[in-house]
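Take a look at the structures listed below.
Two complexes follow with chain A in common, the first pairing it with chain B and the second with chain C.
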Partner chain A sequence: MAERVVKRKDLREAARENLREYIVTYVFLALSVLFVVVSGRPLNDIFSQIVGRLSRNLFIVLALIIPIIAGMGINFAITIGAMAAQVGLMLVINWELEGITGLLAAAGITLPLAAFFGFLIGSLLNKMKGQETIGSLILGYFANGAYQLLFLFIFGNIIPLSDKVTIVGASGVANTLNMMGGGLYMAIDKIWSLPFTTALYGVSAVIVLASLALYFLKKISLKRLLALAVPAVFLSLVVLLVPPVYQVVKGTSVPMVTFLLVGVLCVFNVIIMRTRLGQKFRAVGQSRTVANAAGINVNRVRVIAIMISTVLAGWGQIIFIQNLGTLQTYAAHEMVGLYAGAAILVGGASLNRATNTQAVVGTLLFHILFTVSQDAGKNLFGNANIGEFFRVFIAYGVIAVALVMHTWRSNAIRKKNSLQA
Partner chain B sequence: MSFEYVLEMNHITKHYGESTVLNEVTLRVRPGEIHALLGENGAGKSTLMNILFGMPVIHATGGFKGEVKVAGEVTHIHSPQAAMALGIGMVHQEFMLIPGFSITENIKLNREISKPNLVSRILGHELESLDHASMARDARAALDSVGVDIPEDTLVRTLPVGYMQFVEIAREIDKTGVKLLVFDEPTAVLTESEADQLISVMKSIAARGISIIFITHRLNEVMKAADTVTVLRDGKLVGSKPISQTNLTDMAGMMIGRGEEGIVTAPSREHALSGKVALKVRDLFVEMPGEAVRGLDLDVMEGEIIGIGGLAGQGKVGLPNGVMGLYPATGNVELFGEELPLNNPTAALAKGISMVSEDRRGVGLLLEESIEDNIAFNAIQVKKEFLTNVGVFKIRSGRSIRAHAREMIRNLDIRCTSPTQATGTLSGGNQQKVCIARALTMNPRFLFVSEPTRGIDIGAKSLVLDTLLRLNREQGLTIVMVSSELMELRSICDRIVIVAEGKVANILRPDSPDADFGLAMSGIKAQEEQTV
Partner chain C sequence: MKPTKSQWVAAGLLFVLALGLLAAGVWGFVLRGQPQTAEAMLRMRNYAVLRTAAGAIVNEIYLQAKLDARAYARAQKFSRNQITVYMDEQGELARKAAEEKYYNTRGIDRSELSAAVESFEHSLSGYARLEAAEKAAYAEVWREQQAALAAEGVSEEAAGAEGEAISEDAMMASAVQKVDYSGFVPSAELNALAESLTPAYDAMYGALEAALPDLEPEMKDKLRDPLIMVVRGGESGFNTEYDSYAVTGAQGAFEGAEKTRMIVTRQAANLIMLALGALIAALTVLYYRPLKRSLGMPRLVITAFFILLCILAALYNINVAGMFSTVLWRTGMYGVLALAMLPGIQAGISLNMGMTVGIIAGLISTLVALEHNMSSWGAFFFSVIGGILLAVPIGLLYGKLLNRLKGSEMTVSTYVGFSVVSLFCIAWMLLPFKNPKLTWALGSGLRTMHNMGDSFGQLLDRFLAFDVLGVHVPTGLLLFFLLCCFIMWLFSRSRTGIAMTAAGANHRFAEAAGVNVNNMRIIGTTISTVIAAVGIIVYSQSFGFMQLYNGPKQMGFVAASAILIGGATVTRAKVSHVIIGTFLFQGVLALGIQVANAAIAEGGLSEVMRILISNGIILYALTQSGGEGRG
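== the complex of A and B ==
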């Protein structure tokens, strides 16, 4: 009997716990719904915008997960990964490499560059343990200075470049690099794109078949099978059978390969945690002292986490830029860390815990607000600019709140522990 | 083997800032022996072991002087990794487990078993996938060899303290190529029967040719387990001899420089108890893993010291933890006639209950803060004491905190340089004394003390008991003392409750015959009902 009472209490306690933990997410959910209604924009228009934004932003947000698990907070220095990618893209445009070959070349250049920068960032963050989040933010700003120097003076003057990327008479790399000409624009997105409905049915079918196969091979449990197959079938049926929903989604097309890359990164994030290295990330994230006493080279593990994150962020930036079609040489990287960090926090991640789902949900909510904030601002206050301010306000606000909550929570835990003894 | 000693530490000297904590200490350990290392709280035992294990704290504070030889060869151990590579394993005085990991993951931490996969063949063995099944099998075997039957996939966070200790030992046993194991006060958190179990585990390890350095404050354990004993006092070597050439009194003398302290005994008193009930517990169930309480009823009278005894795992520790709201509980509890809400530690504190938990190794102390701040912390937070008014503001009264801290330091003999020393730099035993001081500073109406003398050296032990006794006699504080040392219970308690299978088996007087205690512990009530 006693056990039953305790259980019921657990359930209520769990619900309360969930609310406490995901309060930010719920607030953003409510805000998103409100803004979508207020904006008065047609839903199908919003929907296709969101799919586009998800395709180009998810990868970068997912790049934040490993450092969080390794206990290093939000790696705002992914901005530096984005800079590395922009060096790659600029060179590719300069060399007039085309299409997917060009992007692969850019990714190839990004890898060693971002890995090297990641190594430097990681080593620096090891000198400021406990302050990594702020540290990486500052590093990002600092690197921006070096980047300007590189692109304004060193490229073009010391390292000669073609007129593809420079303006005659001016110093350094041009402000805007157009990628439309070289076939780089949407080179990944264009490989294979499907109408949303077709994509949904197709992916659902694959999920159902694959999970059935895995179930019969006894690789997954029945519960897992249902958890995978039921939502897939349900979503397809909703789109198929509910006409208003169909109307909203039907005009949208989905860049399949881009989302495939995102999927691969999700799987990577899960799989790496099941390796020796992943176990080290988790151990170091939970207790540096214990990890060290177990003979783990804590500093090295932390550097690796940042290196992986920086490289992934660089590749994410390539996906982002190819979708936009122009590279704002001096601005494209600036908000990368801030927006990605805000997105994952909106999804309910904290400075020491993050999952793929949180990254995806957070990116979704954050970008819904982004998409409709201008119109909502116009309708609410008669001024579209307010919507623009609102975006930046949200991004900084979420991060500030997360930092405060983190400090507050760790103090609360500290206090609770000491009251117990 | 061409060496006589598996470990030689010669002329080790270590300074922490101004103070010399080790002075020309020498320790020599033979292969396959159990070597006891004794000394008062703060004598330098843990420091010596930290040097051996290359702990970062040593090198961050200026290193040490002296020579370390492992298996006859001079070595320089700069990191735990280096120590491990030499076959040295260590069970630290503070827990070195990751709470969010399972037992298996902790045992195999950094020694995971893994299978190569496509990626790892290219990028190296760091990326091999974990072989959870084999890891679990090894963990199971290691747990079995230390006699722990908890499932290996249990999260360490949910384990009772005693089990954590065994998990750490299982981890060391699971390592291959180990030559020397250091156990820094492994029995401090164990009950007597668990300690016996541990000693037999140690003996079987030593029989495999692995040497063990064993730090403890319980001299009878030394007599039972050790082959050789080395004693430190104030950072100096007092002596080292085979166990056959010494005895309890001799060892105690070497440790504190005089004969063994007599244990405190309270003058027996006929019940001068008020007859009012201080704590009324009815039908209490506590879900504490390994120490569950199942339907316990008990009345604690105002002004008494009541002891709670019983074997490990029978639920004696669950009682204070349940009443204080630290583990999920159901039932009815009244404190001084008012209902006490369960599962709410803050409410319990606010109602004037204080608790010294059995689980106090490092946890709960703010390690970077000073001794005086730690002592005053709860009283400031909960009771708004030690504050003075400055205009409309209340600020901490540094002077009264200092004065109070000095008194506590004197009463409990906390070995420190000053009240402003950070608690993190105290020895383990002295940290525990700070925990006790903090609980007493709450001026509680009602005090739970769980295992108050664990990890505290024989000299300071009687000080702690003395302090409890004085608070009871002078201020009428009602005390519930949980202890696995019957001697200790009998020395100061008015009544002793024996808990078995989560219920009260019997309530005995301190002078009841040994046989009655024995029966009660196995859950049998003595024929002659002894309701005191």
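== the complex of A and C ==
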């Protein structure tokens, strides 16, 4: 009897802890549900939009995880990775490379560029430890100026370009680069896409079989097997057996290769944490002083974290833009850092802790709100602009709240420590 | 610290260069007064007149040759492409031949022409003066119209959430733009004067016909305006005179040594400017290290850049007085906003990027004043006092929040500022303002841009404003800015001010001395918020337009860059940093726009420059403050 009371108490404590930890996520969940209802848009339409948005945004959001673990906060300088990718894409369009070859070439150009920029960003952030979040934000703004200088006055004037990317009579690269002609549009998405139901059953089957195999090979525990297999089977059954759900999802097609890339990145994020380098990220993130005492070159580890993040963000931007089909030369990168940062925070990540799941959940919730906020604004206030303003507000607001809570918490911990000492 | 050998060498070379340029420039100015130059200019003018007339003949021959070629080609049944090519070819050949024939005017007797031109110029002077005055008046009206049109264009556009509000750079572009004179209508008096020119013109044309026998009488009317342009060049200054002759290609009148001499004479002022630049460069190279130590790297770079822009502006013949007026105006316009950073830094909350909450307070009180159709000083004082009253409680709350966020104030305040601005984007759509001047004609919500013209736009600027040496001094605006600075200076001398600065500089020490650090930080934040509220009102009235929605979003960055350029760090700042910094920053921006417009006709470069300077200086400050320690 007493045991049960204790257990219930533990449960309540855990629930409270969970609520405190994920309050932003729950509020967002409630808001999303409310907005979906208010917007009055058909669910299948929303669903297919969300799948599209997830496919093009997840990669960039996942690129934020490593710097967070390395204790550098939200790396808003991923915009610079996106700029590197846009240089690559612009050159590819200029050289008239087509289809998947073109995108691979762009990714190839992005790799050294973004790695180099990442090195610079990391070195600069090492000079402002503790202020990385604001530092990377302003660095992103600064880079935007350099980017405009490059695209407006150097490309097309000093570095000649073909008329594919310039406009006669205007200086620099054109405002909008169309990717429809060269077959770059959806070059990754188009390789292999399946209806959502088929994709779900297939992926579930693969998950169940793989986890069973791993279980019998004694690589994972029973608990882990259930945690993997049950949701997969459950989701498939829900779609299969509940007609309204089936109605919602049936019209949507899934770009398999894009999601495969996202999956690979998730696995990469997990695996790298098991390597020596990953341990160093974690050690540096927990305490720079302790890591330094343990003989880790803190500055170097931080630079590597930012380099990886910047390159991944560049590739993410390529995925994003091939899905959109047009490259807004001077605007496509501007909101990347803001939206990705807000998304991962919505998922319950904080400035020193983030997981793949948080990134995925956060992106999902953030983009549900994004998709429906205009219609919801129109229905609630009779003005679609309000919905538009609301989603910008929510992006900034989420970051502000996360920053406030993080500082609050770490200041409280520091106070406790200094009282104990 | 003594300069090194290489510094001496570089400085010496630059110094010699400066001396050479200076000597050439002085020689040029001396030459201007010489009779031989005056004689050369007369020759140049005659040459220019002849050249203009000859140019008309050449053009006529060219066109005729083209027509002939077309007729011939058609008769030969050339293809369409061939016709074009053939016409161009024949036209060019004919032009070359004609240029050789008519531009060689050496053999022509010019005594008669010279006298005729002289008398024509004499009768022209009154006309030219009146026309210049009328055109200037027209240009003024035209520019105002353009600015109003630009503002209207913005307020008619739907307010997009992500579209930035119009920058004043875009607004000012209309002041730099070339005036379109197609709508210019001369007054009756001017027309009468133009009529009275006819006899003198006839006489000059007669002399021209004598000199160039091929000149046909039909060209008389056609040539009238170009010839007036050439001859009236003598009205204003040596340079304009020389340039107006030179456009016709009249430098061809000179050869050899005389050519060099005339060029030096023309460029005298520019040579002296360059000499000055070289001299400053030499001194900078020589005293690089002590300068760097006392100014700090960024301020040294910005100051050097400012001087470079000044020299470039002089070389591009940019109106110095007008330029200086713009710099003064912008300094006053942004000064109070930059001042808002000062108490924040002094109280230890570093750069208060969240000053936008104060800006919002100022905007709300201004909106209330506009809603009730207040105007002039009443509206101004109402807005200022209302803004202060609103800003005080907001600042107190905001200060309390920042007290719980020690160590990350700048990060958090940036995002709190952004959130508040975007929250108020929604509020501007919903707040119950009813005045049709403020709200969209269709639908609901406030407009993006509000013309302050009929309330208190430019009220401070015009107060006691005067012109000195062509520089427009917005006395009221500058006085108000300096008054605010003075109050802040007094405050920093008071007991509270000293305690606040101490709390910001070293909070442990201040605590030990019995200062309540948290209270001091709240006071600093509140004052910062209040000044921001006043600052945006001053800015709006001076700019002439109030910007809502995303307008205030970047204001914190502009203010932060200004005070940092002035020499402040994120933990230490003085009133002088605000004044120097705003002047330098706005000076560089204002000059940059004009030089960029003169150098390359592309827009956008000045905006790029603003982004780079503003964010670069903040990054620099962060690296100085960072390292270990904070956070």
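Going forward, the second predicted complex is superposed on the first by the 407 of 421 C-alpha atoms of A that agree within 3 Å, B and C clash if a C-alpha of one lies under 4 Å from a C-alpha of the other, contacts with A are read in each partner's own complex, and residues count from 1 in each chain.
As a convention for this text, a contact is a pair of C-beta atoms (placed from the backbone, for glycine too) under 8 Å apart; a residue touches a chain by one contact, two chains touch by 3 or more.
Owing to the predicted nature of the structure, the values given are computational and were not obtained by experimental measurement.
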Chain B or chain C, by number of chain A residues touched: C
Which of chain B and chain C A:Ile138 touches, first, second, both or neither: second
Chain B versus chain C as contact partner of A:Arg282, first or second or both or neither: first
Touching partner for A:Leu403 - first (chain B), second (chain C), both, neither: second
Partner chain(s) touched by A:Ala294 [first = chain B, second = chain C, both, neither]: first
Chain A residues touching chain B - in the complex, by the definition given at the top: 2-3, 5-6, 9-10, 271-272, 274-277, 279-280, 282-283, 286-287, 289-297, 414-421
Footprint of chain A on chain B - complex, ascending: 55-56, 80-81, 84, 90, 92, 96-101, 105, 109-110, 112, 114, 120, 125-130, 285, 287, 294, 324, 326, 328, 330-331, 343, 345-346, 349, 355-357, 359-360, 363-366, 377-378, 381-382, 435, 438-439
Complex interface listing, chain A residues touching chain C: 124, 127-131, 133-135, 137-139, 141-142, 144-146, 148-149, 152-153, 171, 288, 335, 381-383, 385-386, 388-393, 396-397, 399-400, 403-404, 407-408, 411
Interface residues, chain C side, partner chain A - complex: 158-162, 401, 404-408, 410-412, 414-416, 418-419, 422-423, 425-426, 429-430, 443-445, 557, 600, 602, 604-605, 607-612, 615-616, 618-619, 622-623, 625-631
